[in-house]
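Multiple structures follow.
You will see two complexes here that share chain A, one where it goes with chain B and one where it goes with chain C.
Right, the complex of A and B next:
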């Protein structure tokens, strides 16, 4: 071993580290979209905005959805949110993450607006308060103002049938 | 019968890959050569078998059932062959064996290179046969198939994956050369670099063309009105391109000056590793959802083993053997070597930035902590500031001489280009009243790239050896102008329109004439007809027909944007939802003009052509 080896062996060591870090949870079968948020069963974070505030989320079951017009998965998810609104009369509040006003307006007009109210979050402060990993992300809030579930991926028809709707029914009981 | 034949071909191909590898290592040249050629023929045979299954819609083959339909147009039946995981992996081994075949055609056989190439064949063919078999049968065939994702039914997308794979897998040759050189360093770094360079250029040009086609598809088919979305799948192809671009430049230093040898070999290994990582992350579904990985652990584990084996093995070999590689030649602070070193630093940092932004969800999940925002906000904030110095340097670099450059001479060479750039900025500012500083800076950079490339070429007497760089650099300038046009300079309006109503967007006036329902071969559609008139000229009006399609079999909706291309700009119209509140015959129409878009595609095409010209010239230079 020479001093040069210390440098040339660096890439393989980095690679092993990276593989370890990235792969271990995969082998464990974890799914980050299902990772329990530390916020589960905690009260919703306090915030006050012109469009809606944390107090608006507290007296019935509601969904909170974080989305952006630059996010293709959000476009796909929008149809699911519209279904929840139209067929199941569920109120959805939207946080519009790091977006432009024009982008948001166009997005909602083009795809349909599933939200009761949308608040812009241009600097991502609300998203951080909610511990968001990225967009889209959906939270279910029970009638007591506590977060019961977080979904860090676009909602699919399967998620709706198997997770979201059953949980809402259970909370409402 | 045909699927069984395909299966048989694949198993034989696997044996040939093993034989090629063994013979390559033992130096049995003629055995190795024949095994390489046969491996390619067998892979091509298997590929044809799958294609035939798709063409006749053989519903006893699972891959066909999942991805095709009897009513699908013929072009997409054929393209369906590689529009799915199994088929695209078959395409991967086909391209891999094709490159092995090309190496085997050389007069002086690089046997060690074929040894490494054969090892890769063994790995990927096993992966295909044991975990992703495209010829798996279904015991009870259904009445019809599930259709190819309608978004993928587009001509540009039919040739996009083969182009991209030519690029990705083209770097496998570069990788094989690098590993072979570490195993048996039997020539000087300069001679090694000379042998690899044409392969780098071939792979890089194909990758450029593949990425451009994908971007073209996103722009024209997805109807989102942009050319790049920082989508993980897109980033997976950008990563090897960025490092490959670095490699393309560092190999010049190794070839001409014998320097940067260790760095170039490392880049060769890393570029291919990123190609591997990209394809497999995309193909295994890990990027879109980590869940997809856990669903089929055997496939995922196999991929991981291959990655660890090839990348890990090559990097370990590099760690042990690289110190023995000779790297010579000192150089001054102001020299072409320094310029290319900076180029590599910037491209490397860019690649690392994109890498982190793309893979962070995986890392985050592993660490169970942290909140980072990704998506365009992250990428725009990091990539743009790194690109600007890179583009400025790109204009200066070619004027630097090897070893030591004279500052006065460099400035003298650049003064015409600089004057032209300033002129372009002032003229644009004077003529176009509503223009933001961002657009002016962007267009200035584009003009700088273009004018430096052209003036450098002319000043040196239009040498043939300078041609490929001149084309590629000038093309990049045009592409940058196009990127500015489609991002910062877009004029967009989103309005609720009644029939007969008018709206003005950019230099066009649009009238909504009618909205009608109709049917295509495998979809139903709602189509709007708009008439567009130019407000600034008397050119004949034309019609635009944006659609919303519904594909019942695949249960998918698509938005077909109507686009009219002119040399100055594209007018782009998307049909949105009908009015919800019962206002009859009102529709959301989003219309936008995108200046300079044609230049974007032309520029990217030139970049790819520049690379191809370089590959051709280097190849000829080698034979001479």
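Right, the complex of A and C next:
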């Protein structure tokens, strides 16, 4: 192959390369609306609230869940959180995103309360501190107060079996 | 009658324009200098759920929360840079309309220029060759 050939082929190769960059995530089934959290492997954000504070999330594996009573996927997910609490003795802390006191009370009474403690976040500033962009979101925090995983969707039975429980087992080892 | 209908339609449409430009009028800061800074910051931040809209243009809940956070922190006396840095530390490069220039984002910043240079060079080469072929065929 001469130099001339290479130069002629260069645009074609560039094109194939760019196509690859665009197509590979599609084939892999990546969801472009999912953004990886930059807080993974970072310490939990510092905050102090009457109901619980960042210091309560250290020393053991815990889950933090952001939810709202006006969010139908949260309602469906609540079942999974109850399973984690009852069958696996996992402590879950709740951030109640942009909700009313009455809304939260009715919601937890009607569906069952999987949380150790719930703090209201009427202005969404605590959700921002956690880099959240919607509800529900679930974080796994290891025994050292570091965020190990963020799930930006309602948890399903499959997520519990394939992601959440294996990761908790691995952290506890 | 018609005139008053037109007038109210005009007023409502103008208000909806205001609503889209970074929140409802009653959300605005009373200090115009701070509000100008807030509006500028809104155009620097990408809405997380609406793909390539700034938080100034978006109606999404998260965009509203971020606008509120920006305004609150401006009123608390924080600098523009500190506010952007805080939000960047929570959401990563994605949230900045102009991501920082570093090794991981070189392709983003310089890729288009590189492609333009390569493309331009090959166009010039093709034109030169065409002219040379033309001259050669003229000479024979």
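Following the convention adopted for this analysis, the second predicted complex is superposed on the first by the 140 of 173 C-alpha atoms of A that agree within 3 Å, B and C clash if a C-alpha of one lies under 4 Å from a C-alpha of the other, contacts with A are read in each partner's own complex, and residues count from 1 in each chain.
As a convention for this text, contacts are C-beta pairs under 8 Å (C-beta built on N, C-alpha and C of every residue); 3 or more make two chains touch, one makes a residue touch a chain.
Remember, predicted model here, so these are calculated numbers, not experimental data.
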Q) Which partner does A:161 contact after superposing on A: first (chain B), second (chain C), both, neither? A) neither
Q: Would you check which partner chain A:41 touches, where first means chain B only, second means chain C only, and both and neither mean what they say?
A: neither
Q.
Which partner chains sit in contact with A:4 here, chain B, chain C, both or neither? Use first/second/both/neither.
A. first
Q | chain A residues touched - chain C or chain B, whichever exceeds | A | B
Q: Check whether A:87 is in contact with chain B, with chain C, with both or with neither, and answer first, second, both or neither.
A: neither
Q. Looking at the overlay, what does A:101 touch: chain B (first), chain C (second), both, or neither?
A. neither
(Q) So in the superposed three-chain picture, is A:170 touching just chain B, just chain C, both, or none of them (first/second/both/neither)? (A) neither
Q | Partner chain(s) touched by A:153 [first = chain B, second = chain C, both, neither] | A | first
(Q) According to the stated criteria, A:112 is in contact with first (chain B), second (chain C), both, or neither; which is it? (A) first
Q: Could you say whether A:125 touches chain B, chain C, both of them, or neither, answering first, second, both or neither?
A: second
Q. Both chain B and chain C contact which residues of chain A?
A. 10-11, 32-33, 35, 98, 124, 127-128, 131-134
Q | chain B residues within the chain A interface of the complex | A | 224, 229, 231, 262, 266, 270, 286, 289-291, 293-294, 297, 300, 304, 307-308, 311-312, 315-316, 318-320, 322-323, 359, 361-368, 371, 373-377, 492, 494, 496, 574, 576-577, 580, 588, 590
**Q.** chain A residues within the chain C interface of the complex
**A.** 7, 10-11, 14, 32-33, 35-39, 45, 98, 123-125, 127-134
Q | Touching residues (chain side chain C, partner chain A) in the complex | A | 48-49, 51, 61-62, 64-66, 68-69, 72, 87, 89-92, 94, 115, 118-119, 122, 125
(Q) For a test of understanding, state which residues of chain A touch chain B in their complex under the given definition. (A) 2, 4-5, 8-12, 15-16, 19, 21-26, 29-35, 68, 70-72, 97-98, 102, 105-106, 109-112, 124, 127-128, 131-135, 153
